[in-house]
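Structure record follows, encoded as structure tokens.
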Amino acid sequence: MVSFESDYIAGAHPEILKSLQETNLISLSGYGTDIYTSRAKEKILKSCALAEGDVEFLVGGTQTNAVVISTMLSDHEGVLAAATGHISTHEAGAIEYTGHKVLTLPQENGKMIPDSLKKYLADFYADGNHEHMVFPGMVYLSHPTEYGTLYSRQELEAISAICREYGIPLYLDGARLGYGLMSHGSDLSLPDIARLCDVFYIGGTKVGALCGEAVVFTRGNKPRHFLTSIKKRGALLAKGRLLGVQFDALFTDDLYFRISRHAIDMADRLKDIFETAGIPLLLASPTNQQFPILENTFLERLKEHVAFSFWEKYDDTHTVVRFATSWSTTEEDMDALEEALKKISGKY
Amino acid sequence: MVSFESDYIAGAHPEILKSLQETNLISLSGYGTDIYTSRAKEKILKSCALAEGDVEFLVGGTQTNAVVISTMLSDHEGVLAAATGHISTHEAGAIEYTGHKVLTLPQENGKMIPDSLKKYLADFYADGNHEHMVFPGMVYLSHPTEYGTLYSRQELEAISAICREYGIPLYLDGARLGYGLMSHGSDLSLPDIARLCDVFYIGGTKVGALCGEAVVFTRGNKPRHFLTSIKKRGALLAKGRLLGVQFDALFTDDLYFRISRHAIDMADRLKDIFETAGIPLLLASPTNQQFPILENTFLERLKEHVAFSFWEKYDDTHTVVRFATSWSTTEEDMDALEEALKKISGKY
Amino acid sequence: MVSFESDYIAGAHPEILKSLQETNLISLSGYGTDIYTSRAKEKILKSCALAEGDVEFLVGGTQTNAVVISTMLSDHEGVLAAATGHISTHEAGAIEYTGHKVLTLPQENGKMIPDSLKKYLADFYADGNHEHMVFPGMVYLSHPTEYGTLYSRQELEAISAICREYGIPLYLDGARLGYGLMSHGSDLSLPDIARLCDVFYIGGTKVGALCGEAVVFTRGNKPRHFLTSIKKRGALLAKGRLLGVQFDALFTDDLYFRISRHAIDMADRLKDIFETAGIPLLLASPTNQQFPILENTFLERLKEHVAFSFWEKYDDTHTVVRFATSWSTTEEDMDALEEALKKISGKY
Amino acid sequence: MVSFESDYIAGAHPEILKSLQETNLISLSGYGTDIYTSRAKEKILKSCALAEGDVEFLVGGTQTNAVVISTMLSDHEGVLAAATGHISTHEAGAIEYTGHKVLTLPQENGKMIPDSLKKYLADFYADGNHEHMVFPGMVYLSHPTEYGTLYSRQELEAISAICREYGIPLYLDGARLGYGLMSHGSDLSLPDIARLCDVFYIGGTKVGALCGEAVVFTRGNKPRHFLTSIKKRGALLAKGRLLGVQFDALFTDDLYFRISRHAIDMADRLKDIFETAGIPLLLASPTNQQFPILENTFLERLKEHVAFSFWEKYDDTHTVVRFATSWSTTEEDMDALEEALKKISGKY
């Protein structure tokens, strides 16, 4: 059955798999000390236009959030996130497991509002009793957000400026960063993100890799003995090459951006198909995730033809679902969806 | 350069890579809900001759130890390990990071001694003040041990009996389990281990996989909501297929055992080569890791021809090093080593 | 200067201090194994009309919350609290430090709303993806709340019924429980609370003791090896007598209730004084904490005569402050306040 | 019955209780912001001859160890202690609960051996693979040790020099510091300790207080936002005065030293009594704890007359027990012990 269930329904992009195969028999030292890992780091820094940055590879998104946040916060600090932020809601309490609180702020279409952040920080330090409270020690954004939406350059600049005013790092969760960068709706480049954030990660798992996320520390701010902290959290791969080779491939010949652009193109067609079918979208997502609102019996019938994800209840008779595109989405998948929608609507 | 540095110097065994390739484009749901993962679980349980067991896949060894130990211990408990146990020494404090103490016992060639364990437990409960002490809540063994040595069936039965007498689970770290099972020196089968342990893992990373360890709960004792606990520790892969497909391949046509047997054969030749060269071994390891004691200038010269690992200082003029074999070790590698040794010894 | 800054501005109630003095030279074993501790436990259980309950003493409120919550939650669970709950806001992340999330619900005058709780739980289990989320594993209420308000018997019964329906314990933070029990506005007795909650604590620090909180497990549900868990959290007193003797005194001749009643009487007069002075209260608190809204210049002048606490900004020209009464509040304090208000208002 | 069970069998020294009583009705702000707390800090710094030190009060010993160690270690570090150190054995895993490992070194009569420490650190940094190990980030000593023994000035200077060479703080657990300082066998003054250690605590609970330990940071090295970290660990007292008033009394008119000296005098008589009775001591303890080796039937008979603590099994027919003296030990207690020993030995 054709599936739009997520952007991680297939294995690796063929170019990545080819790299894994070509390098498979080469003897390499473990734990990320190999040449492919070094090469991948260099290519990423170059893409970010960073002179003094550092890159480290981790396996998955929740792990990356937990490792980065817990090694960068001080004991008395927590991390600020939008109420819908992934770390607030769908990581099973992974941040709290490291002993730190996620402090939530109101959100709009999945985004933190610069003014809310400013007010929170101003109020926190205005209150004389804040020593009994968790200090705001970092700002976490996801970009694209959990709703597929994007920060504009102006918004990111505003948030970055507030963070710098208060001396707290800005961390951007880029699990789907490629889709944000390649979106028609975005005015933010990778160097922009590297310039405005103190640390961020470039997601691999959801952009063509088998697994892997690349953490970028933009200003010589990698925590001391970070490798030991990674090991301590059970996040160090013996065969570090698995991450190095994949990211080396992703940042060769713009593969990361080609993958992302393809998914965006497919998402554009997806939006057209839903519009044509008269199916409303929850919000205008400019990236690879789309959130149609389906009438419940329609939904049940569509499920017989196409796979997608439950997102949230809309009202008593409607449900929000998620359709995602990726490198593996094809025009044939689109045709099949179109046909299924027509069939159910009785257009055939 | 020929390398015996570790058993994770190469990528995946070709049969595994082939499986990854063949399944690459198939659409599968995430987080281990796919058919390959289910199939791998069934095959493993069958190999273990377990009727009511459970299998879960994790990414690496330290992660597996931390997840299993921290979810199975009660709040007031710690885990007993030999002083040389991996969790005691080389995991950067990953167990302590979960809030639990590693309680150490004396070791002999890397093994816990059944009588030491018995005495520890008897003394603990004899002492009226033990409520201020960490309760022994689990026994951790590595098999093969960090020194390549193996528990005999009699020893494992003795330890298992003690654990059951005191009602604490026996956990076996099988990062290199295959090499133990295929060793000529072993009288323990996989079903024996499944029968005697409460939980153990079958190592993939060091036995031919790119990554992955299979945790086996042998008696319906998988912690409740284990998936959520895995997620909470940042250890859940979105593309769970990466683990499922690999273990499905490893447990098809006895690949896991063939890989292990090959490495044992290579290790046998390794021992012969060292014996012929008059190089003593630290101890008689019946598995894929060998620990020659090299004179320091000899070591420096050998390093120019062959890669291996530093293990520990032996005395002022000698050093213990580690040579490991794996699926990727070839007869040509052996010839090259033999030649290098002869060259340095001036035998040519 | 007369002070209404908090209910912990004085030392211990004289009857408590007398008990400490009278027992001071008696040789007693440590860690809560003494006769006064046992006696205090019995008296408390009797006051609660509990047959099979357990009582344990801890030192302070945040410590008690952290110990109780972290030992009763399972690994995959968090605790539900009103957004204004003390554990959500003013305990510096003490719950998160134990690795568990505080899940927040909307509040009304500091209280959790039974319907919000019901909806949260129903929605949680309706959503098929909840395995990536923190499970609701306990409900936390403070009574009186941080705003001095109280749950009615009907409300507590509703919340208790929901908790039992979902099989999660109800925990009540009674840092100021006495003031709730003795309030004219309350229809809840101590046995009611014991019957409806699974665990709760009777606050000592804010009701006349130097320190100390009595945790009551109402249904044989004290965590196993709780003493070791207390020790592990650095919360075990060597001289356990300090808590036992104080609670023995508090539950002798109804001292706990007399102290609380006195503070309520003083709070009644406080409300009269503010009403007479035309100063509005933020909300109708039926307990020992009152929250007048002061015009800012008036506030500055009042501070020269009387001590009180900053609570929160009301608007640009007004501030909410907190006045608290306790066993040590006297009629003379009231007269002084009355006089100060008159003086500032120019009534003299 | 006469008791030598511990040095915390009585309440507070009468001068401390008097201070609590005299200050009881004075209105004071909470959380350690009161005048008695400030005064106690000043007096302690003066006693330590410290110009730029900081003092903070905590409630008990295990809590103090956990708070100090966990706030001063970096993420990748653990704390080095003698194998018999209190944090290694009798604190229920309180340090591990904070996510840090206790690294143990051999001991001699309860003391860490400077050469063992030196060798451990040299070996650690010599080993190229130490990034997978817990870094030694602090040295923990107890003084007096758990066996009542003391470091000489020379030994403490040696350990301090090693710590400074490696740039790791030296922390001294002074739960019974007074008894060390007043011992005839000690050549270390309080200013010596302040000069040689980076942080240490002056124990109150076991030296006359109801509870309380004074942490001294000797070189402007108090962790930032330490109050919030204390609160986060549930270790902040609302009525901070309870600690301030007691330490103010302890450091007025040399009370802390008078209490300690009295206990040492009593311990001297204790040693005489055991010598006269022909009862051997496990080791020569120069402080207030003595460890006689009793024949088991003798022990049972003695228990009918005098209370003491079990320490450890000596051999099949003998047991080591602990006798402790304190401010509350009297000459009459000694007479009673003497008489009991004579009676059992059949000398009457």
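Residue numbering begins at 1 within each chain, and the chains themselves are lettered A, B, C and D in the order written.
In this text, a contact is a pair of C-beta atoms (placed from the backbone, for glycine too) under 8 Å apart; a residue touches a chain by one contact, two chains touch by 3 or more.
Keep in mind it's a predicted model, so treat the numbers as computed, not measured.
Q: Between A-C and B-C, name the chain pair that shares the greater number of C-beta pairs in contact.
A: Of the two interfaces, A-C and B-C, more C-beta pairs touch across A-C.
Q: Measuring between Cα centroids, which chain is at the maximum distance from chain C?
A: Following the centroid criterion, the farthest chain would be B.
Q: Taking the mean of the C-alpha atoms as each chain's centre, how many Å separate chain B from chain C?
A: For chain B versus chain C, the centre distance works out to 51 Å.
Q: Just give me the whole-number Å value for how far the CA centre of chain A lies from that of chain B.
A: Going by mean C-alpha positions, chain A sits 34 Å from chain B.
Q: Averaging over Cα atoms per chain, report the distance between chain A and chain C in Å.
A: 42
Q: Any chance you could list the residues of chain A touching two or more other chains?
A: As it turns out, chain A has residues touching two or more other chains at 76, 91-93, 97, 99, 131-133, 228-229, 231-232.
Q: Provide the residue numbers of chain A that touch chain D in the complex, in ascending order.
A: Residues 70-71, 74-76, 99, 131-133, 135, 223-225, 227-229, 231-232.
Q: If we count contacts the way the header does, which residues on chain B are in touch with chain D in the complex?
A: Chain B reaches chain D through residues 76, 78, 89-93, 96-102, 104, 123, 126-129, 131-134, 310, 312-313.
Q: Using the touch definition from the top, list the residues of chain D that touch chain C in their complex.
A: Those in contact with chain C are residues 1-3, 5-6, 8-12, 14, 17, 20-21, 23-30, 59-67, 91-94, 97, 205-206, 210-211, 228-229, 231-239, 241-242, 307, 328.
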